[in-house]
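Common to both upcoming complexes is subunit A, partnered first by subunit B, then by subunit C.
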Partner chain A sequence: MQNIKAIFLKPYSKYVWIGIMLIAWEAIAKLTPVSPLAFPSLEAVVAALINSILTGDILLQMLFSLGLIFVGLVIGVLLSFVMSALSVVSPVFESFVDTCVSIFHPLPGIALLPLIILWIGTGSKAILFIIVHSVLWPMILNMTAGFKSIPVVYKKIGQNYEFSNAKIIFKIYIPASMPYLIAGLKIGWARAWRASISAEMIFGASGGIGGIGWYIFNKRVFMDTAGIFAGLLVIIVVGMLVEDFIFSKIEDRTVKKWGLS
Partner chain B sequence: MKRFGIILSLLCLVWITGCTATKNDSQEKVIRIAEQYGIAYAPVQIMKDQGILEKNYPGIQVIWEQMSNTTAIREAMVSNKLDVGFMAIPPFLIGWDNGMDWKIATGLSSVPTGLVAKDEIQSLQDIENDDRIALPQPGSVQHILLAMACKKEFNDPKKMDNLLVTLSHPDGMTALLAGNEITAHFTSTPYREAELATTGYHEILTGEEAFGGDFSFIVGVTTKKLHDENPEVYKAFNQSVEEAILFINENPEEAAEILTKYYDLSKEDILKYLTAEDTEYSATVKGIKNFSDFMNETDYLKKSYTSIEEVVWENTDYAEY
Partner chain C sequence: MGIVMSVIIKISNLSKLYNDRSILKNIDLTIETGEFLCIIGPSGGGKSTLLNLIGGFIKSDGGSVSFQGETVNKPNRECIMVFQEFDQLFPWKTVQENIEFPLKNDPHHYSKTEIAALTGTYIDMVKLHEFKDFYPHQLSGGMKQRTAIARALVTTPKVLLMDEPFGSLDILTKTELQDTMLEIWKKTQTTIVFVTHDVREALHLADQIIILGDGTVQQRIENKTKDSEERVKEIIGFLSP
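For the complex of A and B:
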């Protein structure tokens, strides 16, 4: 019993859980009378995935989506950094940013679609706009919350050393609020994914071959349920790789090293 | 706070009763039909408004489900939430190809459909890689017609598959007229007419040209479950569609008057569309073989049918060329 419990406390416990879920999946697909159109077996999903990799553009489409998300994230992070930093410095700007957040944060990007078609069109720029919109506001919320959590005395120490505003932000605020910034980045990354997938499903192959959302949408309209799951699988794998290899590395080098978490 | 709690629990109650209301008593015969709007679906609205099905099968409970597109209807029929759906032949064939237990019960309508483009685009040849074509979705009848035209013109049916943008008819019209990347829109009545009435836009391909003849634009499809388990209901449904079609063909004025309740169009406009030369309401299914063979040849389908009975129910009228 103790041994079994120990398995789930190991770093690889994630993969044990995934294994259990896959077995449950296969059991449902094989042993219950579900339609393969609604619940395809694992073999069918893997076959669809291999087929898409060999004959289709799924990897290129994935790269296309990742590229859009990356650009959207960078723009979103820069904009939110500028806005949060300015609101730290100026109370007037802070009230402006607060107003913007309360207006735009609850608006789903997809709800703005009809306007985006009119103003920007339906290409990659429109998808990018939706990504930036969905990343920006939660990012600002996290950054300002992080900045506000810093004890006043830190800022005063900076002022004592006659630091400029910029120096206070870069040398004190950012390192001290790093856990918030990383959490914001994770939320932004997840939001960017959702935004780009839903926008691609609607706007189609905006960049020639389109992204992974377009792939899934095509599988849906041609009733290839195994193909839909293949697309989802690719998204999950990329999400886990980014979590394990990028975010955890950033955390190791910053908050863990500095003893903040 | 207490008042808030009361309101919240009342809301929950409304929500729960709202859910149970759609559950049906096992005694009563029920038919669940997907309701869609548009000139091509006019007989469906007539059938609903005039209570034709209720008249032909007294005591039946007809549940009209609002559905936004063919894919949603198909998915609802897979999960046994719907008995009847109206759609074009290609989406039906895609479902059939993937093992759905359904067949065509009746034809419904043929309406003008075509590719409307900006004036600077004179033909399919002028559509370049930067251009974008809006249509309801891949696998739709508009997409397959475009593929048919591309095969004739370039011998490459998938030539434009990566230029497609999935937009509903109204959004597609907005995008085309807004003048951004969308340079062409494959659409049908009444959006086609509205776009053609705008200066700077013209039609470069009609559905008939692409198909090479006449075809049913919308057909009625029912599940095997309805057909086998409730043959009486199935029969009443088919009879009702025929009566609704007859009603429109015999009393177009009255039909147009009724339809003003459902469509945001004037009676004159509706009458014009109902009686247009290329608009035809008919229970005969036309063009299925042509669609099936083409989609099979071009890999949109994995197989074509060998006997018509695989795709239409017995007693369904169909015409082949």
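For the complex of A and C:
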């Protein structure tokens, strides 16, 4: 019993749980009278996935989505950095940014769609706009919270060495608020995914080949449930890979190494 | 010692209020080059406030502080402060990187060789050679304060301001660090202004002691006979109401 318990406490326990979920899935699909149209078996999902990979659809559409998310994340992070840094040096700008966050943070990107269609149209730029909106506000919240959490003594040290405000921000504030920045990036990444998929489902392929959202939506139109699951599976796998191989590595090399987590 | 003493810090008629309460009242004080001056007094007596005013971290409500003849109105790199808090080290930098930090960001643009040599000298001075690659979270409180002292000294500032740097340490570490501090002072002859509430610490370290009470300088003592019990009683007498 102790050995079994130990398995679920290891770093790889996530994969053990996934294995159990897949077995449960297959059992439900095979042993219950549920319709394959509503709940396809794993073989059907894997077959749909392989088929989409062979035709190149799913990979191209995934790359399209990832490209937009990446660009949106970069723009969102840069904008949030500029706004948060200006908030540090100017209390007046801080009050402006606080007001903007109060107004726009609770506003779902999808609610802005009618306006965005009216102003920008339905192409990639519109999707990008929604992604940036989704990333920007949580990122600012995290960055400013990170900057505010820094011990006063760090700022005093920067002042003691007569650093400029820019130097204090780059040399002290950014590394000191790294746990908040990484948390903000994780939230930003998740929000960018959601925004991108929602927008792609609505805009379709008008922004190019359409992204993974359009892929899933298309499969729904043709009642290809296995295809829908294949699309979801790809999103989950990419999410987990980014978590395990990017965010986790960044954390290992920064906050964990520095004893900040 | 053959050193010509000159006034490095001059405090004139200095006052400071907090929430309309007078913390410092018309303080007049001179600190000479190479002096080890301890400021002692009861908690809330304005010791740290006075140090922060000397360092230019806060503004006065009257009077002035001048450093080498120039009025202090902001912090400067010739008067470096060592704080009481253990978290004054940057957690994302090792001991060595923390000590290198001011040199790498100094307008003098030290070369890599100079940085390595200076850092090595001060790491050895505070006896942290074996721990130079450790991060602050891997160090004891005493080691953290040693690192902070080395970082403060590495740019060879003219004045070291120390705000109860050993206040949170156990007695053994505290004694060890006091001796290290005296060795460093003898080697570098840096002017040191050291705030403490520990009378014995002041008597052990300082050659000049200022007793601060009720917002004013109650007494200035020349401390030639260090550590004497009579002196301890005398100072406690000044501190007692």
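Please note the rule applied: the second predicted complex is superposed on the first by the 258 of 261 C-alpha atoms of A that agree within 3 Å, B and C clash if a C-alpha of one lies under 4 Å from a C-alpha of the other, contacts with A are read in each partner's own complex, and residues count from 1 in each chain.
Convention: contacts are C-beta pairs under 8 Å (C-beta built on N, C-alpha and C of every residue); 3 or more make two chains touch, one makes a residue touch a chain.
Everything quoted here is computed from the prediction, not taken from an experiment.
Chemist: Does subunit B (first) or subunit C (second) touch A:F245, or do both, or does neither?
Modeler: neither
Chemist: Name the contact category of A:I117: first (subunit B only), second (subunit C only), both, or neither.
Modeler: first
Chemist: Based on the superposed arrangement, let me know which partner A:Y12 touches: subunit B (first), subunit C (second), both, or neither?
Modeler: neither
Chemist: Between subunit B and subunit C, pick out the one touching the greater number of residues of subunit A.
Modeler: B
Chemist: After the superposition on A, what does A:L260 contact: first (subunit B), second (subunit C), both or neither?
Modeler: A:L260: touches subunit C, not subunit B.
Chemist: Residue overlap on subunit A between the subunit B contact set and the subunit C contact set?
Modeler: Touching subunit B in the first complex and subunit C in the second, no residue of subunit A appears in both lists.
Chemist: Touching subunit B in the complex: which residues of subunit A?
Modeler: Against subunit B, the touching part of subunit A is residues 35-38, 113-114, 117-118, 120-123, 201-206, 208-210, 217-218, 220-224.
Chemist: Would you mind writing out the residues of subunit B in touch with subunit A in their complex?
Modeler: Listed in rising order, the residues are 71, 74, 78-79, 91, 94-95, 97-100, 129, 132, 134, 137-140, 161-167, 171, 174-175, 178, 180-182, 300.
Chemist: Taking the complex as given, what residues does subunit A use to touch subunit C?
Modeler: 151, 153-154, 156-157, 159-163, 167, 171-172, 175-176, 178, 254, 257-260
Chemist: Going by the contact rule set out above, which residues of subunit C touch subunit A in the complex?
Modeler: Interface residues on the subunit C side: 55, 57, 74-77, 79-81, 83, 85, 87-88, 90-92, 102, 105-106, 135-138, 155.
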